[in-house]
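Some notes on the structure that comes next.
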Amino acid sequence: MRNEELIPRVGVVTQIRQETPDVKTFRVVGTDGKKLFEHIPGQCAMLSVPGVGEAMISITSSPTVEEYMEFSIKKVGVLTSWLHAMEPGQEILIRGPYGNGFPVDTTFKGRDLLFIAGGIGLAPLHSVINYVRAKRDNYGHIDVVYGSRSKEDLVDLAEMQNEWMNEKDMNVYLTIDREEQGWDGHVGFVPNYVQELNFPTSETAIICGPPVMIHFTLQGLQKLGFTNSQVFTTMEMRMKCGIGKCGRCNIGDKYVCKDGPVFSFDELGELPDEY
Amino acid sequence: MQDELIKRACELLDDGTVNRVLGWSTGDFFYDITPTVFGSAEDVKKNFVYNDFCGANLSKYLIAESQKEGKIAVFLKPCDTYSFNQLMTEHRLKRENIYAIGIPCDGKVSAETLHDAGIHGILGVKRDGDDLVCDTVYGSRRMSFDAAQDERCRSCKSRRHVVYDELLGEEGEVLDSHRFDEVEKLEAMTPEERFNFWQGELSRCIRCNACRNVCPACNCELCVFDNPKSGVFSKAASNDFEDANFHIIRAFHVAGRCTDCGECSRVCPEHIPLHLLNRKFIKDIDTLYGDYQAGEKEGQMSPLSAFTEDKDAEPSIVQKGGIR
Amino acid sequence: MITRISADRLPDLLRQISELEKLYIPVDKSEKISVFEEYAPGKVMSTKLNTLRSAKDFFFPQVQPMAKFRMEGKKIEVIDSRTEAQDYCIFGVRACDVRSFDILDRVFLADPVDTYYENRRKHATIISFACSEPSETCFCHSFGIDAAKPAGDARMWMANDIIYLEGISEKGKALLEKLDLAALDAVTDEKAERDVEAEERRVHEIQQKMPLYRLTPADNREKELAIFHSPIWKELSDKCLGCGSCTFVCPTCQCFDIEDFDGGHGVERYRCWDSCMYKDFTMMAAGTPRKTQLERFRQRFMHKLVYYPIRNDGMYSCVGCGRCLRRCPIHMNIVKVMKAMEEDAQCETKN
Amino acid sequence: MQMTSDNETWEPKIIAFCCNWCSYSGADLAGTNRLNYPANVKIIRVPCSCRINPMFILRAFQRGADGVIICGCHPGDCHYMTGNYHTRRRMTLLFSMLDYLGIEKERTRVEWVSAAEGQRFVDVMDDFVGQITKLGRCRRLEDLRCRTN
């Protein structure tokens, strides 16, 4: 019997970082200490713990990292709570990669890129941003707009401040929802901030965050003159199999786990809006 | 009968007593009965149906419908009125929004029974004395009405309406139903025989939840079998244990509240005689705690919510020869 | 090449096949209950139109164990206990159920292949059974299925106390060749062909008298969004009880769930049938995109009649077996939905 | 099939649900008095005998119990006034139903044991274990997925 998609492999969690009060980043390698599989930025993996549950989690680390994979996970449900409570050295089950990933080597190539993320929505974009940074010459200017509820809810803040902000031809704009002490940056919601910053329509935009944020950010971009075909997002649906068979992530004729999770708003416009 | 019902429904809609009527309509076949809410007299005249196949109990639809704006008229067969009362007892209906019309019933038929008897290609059915005459593409076929009836109708417990605002037709009587005969037959078997019987029946269960969703007594907002945290939710792998567990617990949860309307057995796509579980509880309750018919009166205290301090049987009665 | 055998030799035919490989036939357990069971001498083949469960159960069983896990401290051991299936034969599958295998194949055998399904599928030889007495609930012809000439690896007709057998695929022909048909006094001749033609004509004539004969599904691939937003769904779904009967009796419904069972000595991961009619089907920590029965009901029928055809060159995910027509507790079935869609489309064009 | 044990070493597995106020204290008393009761009995403490959901009993059988016994305060003595009156009605019906489904009625039992009845607790358990040993292993509701091997 050949090995296949639905049987998970064992991964070891080697490092756990507390990013924000409810987000931790988990570093995972195979039992042999090597990276479990290669992926495209934006792809996901099914993480599970026997008897607890299984969930589709986007891979946060860039494919260019050769030693391990990382997952930034917010504590929201049964499985994620369990993951948050575990200690390094714990083995978990992992299968993947699933999904189409971002068109980093086709549509995005040579383009100026605008990344817009809210809250834990940074996780799937993190992988693309670092991939683009690693292959810096293949892409044009990079803008990142990232917002969260408060300063302590900003995921990967240190990395952004220490690395991204120093990257050549790359601007990072941070914002938080409400004023707070010790924050001298921008205050306001992401969609408004994007409008204010008035990005040129020559950029290709990639949005990820809560549905409300995506909705209003898209409207803002449209006002700035962006067309739906140059705005991409990555979708979220309940998933079980990851290979387009179990039926629950079905939207129109597409399966989010297999044909997505990355869609341009052009493609989404052709689908029923049930997501 | 159908014409009388349509006439009355139209009157009620026209004079503004109600703004909707809950009844039945069909699709391509005369037996394709779907409970339907009619919003206008025109709609009623065009689509309302009442025939020998209108078995569906409308009471459960009232849980949602009675919460809506305006009054709704509903046609209730005698057994449906018991469910209605039980739902009232459980405070699930908004009575002031309901105009209940009792209608007579002399037993309902499922097309499934005709199909199972090998009658195919049915185009129409007529009553001819004690027989049903089926017009099929393979010629005319006869079946006795008694044999074609659902089991629950053959052993009908009551043709009396226990609640209504208005009664169409004549009132019936509570019947001596012999509905516990089959339960007694099972009780007379050895444990091994009973186990094998139920194993055979329950192992067919596909866990579709039709029995639960159609049951007027199963009206919880969130069923224990839908709660992922209960560890028993609807999709627990179907094996011998889980199937038995589901049906025992479901029967137990409706024990003392089940009016024996028989919808569970009617809708089971695998033809599992689920009424035999409910009737066992009803029979035991009758024997131990006195005759009790759920839904007979509004506001009755369920025997499983009540107790007596010194007269109740000890559980050891089961070991000492069982409840007979 | 069609072979004819006297119908009273059917038990011998079945015995011969069962000596070659595991054989499953539909059996009547009672007047109401017919199921596929492993053949044993003495078992009589059912001639009912539909088994209670569809034949999808063979490849996509209600419950399928997937793997076992043992946890010890921080370690997890994965135990893949699958074995390669043995060849087996399913005898007496009706035309509608045979088509359902094609529909399931396009899901489970599409890249990446579902090996659980593939393992059961590729070892099966399907001998189909032509319908001689279709019922009014049958509408397989609406989807281009010929009830009188089913597909499969081999097919069988039964008419006037004679069985007619024909191999179709290589696998089916090979199986028939291995049988000792001479011992059954089988005759392969022109008369058999003529008889079968006459039988097919007879059945086609009967079908024309059925009320659903004129039912034809519309090609709605271009109208996806219009139908999705149509007002018909509210009225249709209002009546739906939200049980999963239709999905579980349906030969083409293929949604499943993956769950873990902790037996106390290790965890078993299994997959089981699931239904898009259930509210927890798409439930996530943040809520569900299909909030009411309307969305769930719409999803099921849109998938069968619109989404699946878009993905699969116009092939519908319904075979007209009529199980949902017979089993839905409130008879809210796919025919009513198809008709409502059609009426709605006519209203659209008028306006 | 039901009546024979597979091997010589088989010992019955008994689950006893004991109410916190009477029967559990009764078991405690048996312990402090150094009275022996069979080790086959695994006690699960519950706040009141009426806390016992029928599913608890089925789950016990699923996971390989051969008998289930429920111990509560004597009727009239319930810490919560009426709990055991409800237990009495519910369990009577449930046991009758289990019997109806072919789970031998001897495998389930309710006993009233007060906090002062240490000896009675021991006698009840001795008797129940003896009864189950005679009946043999219970396979009828056992879930194969819960077997050790």
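Labels for the chains are A, B, C and D, by order of writing; each one numbers its residues from 1.
Operating definition for what follows: a residue touches a chain if its C-beta (ideal position, glycine included) is under 8 Å from a C-beta of that chain, and two chains touch if they have at least 3 such contacts.
Values in this document were obtained by computation on a predicted structure and should not be read as measured data.
J.: Among the remaining chains, which ones contact both subunit B and subunit C?
T.: D
J.: Compute per-chain Cα centres, compare each with the mean of all protein Cα atoms, and return the closest chain.
T.: C
J.: Weigh C-D against A-C on C-beta contact pairs and write down the one with more.
T.: Most contacts of the two pairs: A-C.
J.: Calculate how many whole Å lie between the centre of subunit A and the centre of subunit B, each centre taken as the average of the chain's C-alpha atoms.
T.: Each chain reduced to its C-alpha mean, subunit A and subunit B end up 51 Å apart.
J.: So what's the Cα centroid distance for subunit C and subunit D, whole Å?
T.: Taking the mean C-alpha position of each chain, the two centres sit 46 Å apart.
J.: Report, in whole Å, the distance between the mean C-alpha point of subunit A and the mean C-alpha point of subunit C.
T.: That pair's centroid distance is 40 Å.
J.: If I count partner chains per residue in subunit B, which residues reach a count of at least 2?
T.: 237, 239
J.: Could you tell me which residues belong to subunit C and also touch two or more other chains?
T.: Touching at least two other chains: 257, 261, 274.
J.: Can you list every residue of subunit D that touches 2 or more other chains, as numbers and ranges?
T.: 143, 145
J.: Can you tell me, using the touch rule above, whether these chains form a line, ring, star, complete graph or other shape?
T.: Its topology fits none of the listed shapes; call it other.
J.: Among the chains present, which pairs are found to touch?
T.: A-C, B-C, B-D, C-D
J.: Within their complex, state which residues of subunit B touch subunit D.
T.: 183, 186-187, 191-199, 232, 237, 239-242, 244-245, 248-249, 251-252, 255, 277, 280-281, 284-285, 288-289, 303-304, 306-310, 312-319, 322-323
J.: Can you tell me which positions in subunit A touch subunit C when the two form their complex?
T.: Touching subunit C from subunit A are residues 1-2, 4-10, 48, 50-54, 76-77, 80, 87, 89-93, 236-238, 240-241, 243-250, 252-253, 270, 272, 274-275.
J.: Under the stated contact criterion, what part of subunit C meets subunit B in this complex?
T.: Residues in contact with subunit B: 29, 31-33, 35, 49, 52-53, 62-63, 133-137, 206, 209-212, 238-239, 241-245, 247-249, 257, 259, 261, 270, 272-275, 278-280, 323, 325-327, 329-333, 335-336, 339.
J.: Tell me, which parts of subunit B touch subunit C in their complex?
T.: 26-29, 31-37, 56, 111-112, 115-117, 120-123, 136-138, 200, 204, 206-210, 212-214, 226, 228, 233-239, 263, 266-267, 269-271
J.: Can you list the residues on subunit D that touch subunit B in the complex?
T.: Result: residues 2, 54-55, 58, 61-62, 75-76, 82, 85-86, 88-106, 108-110, 140-145 of subunit D touch subunit B.
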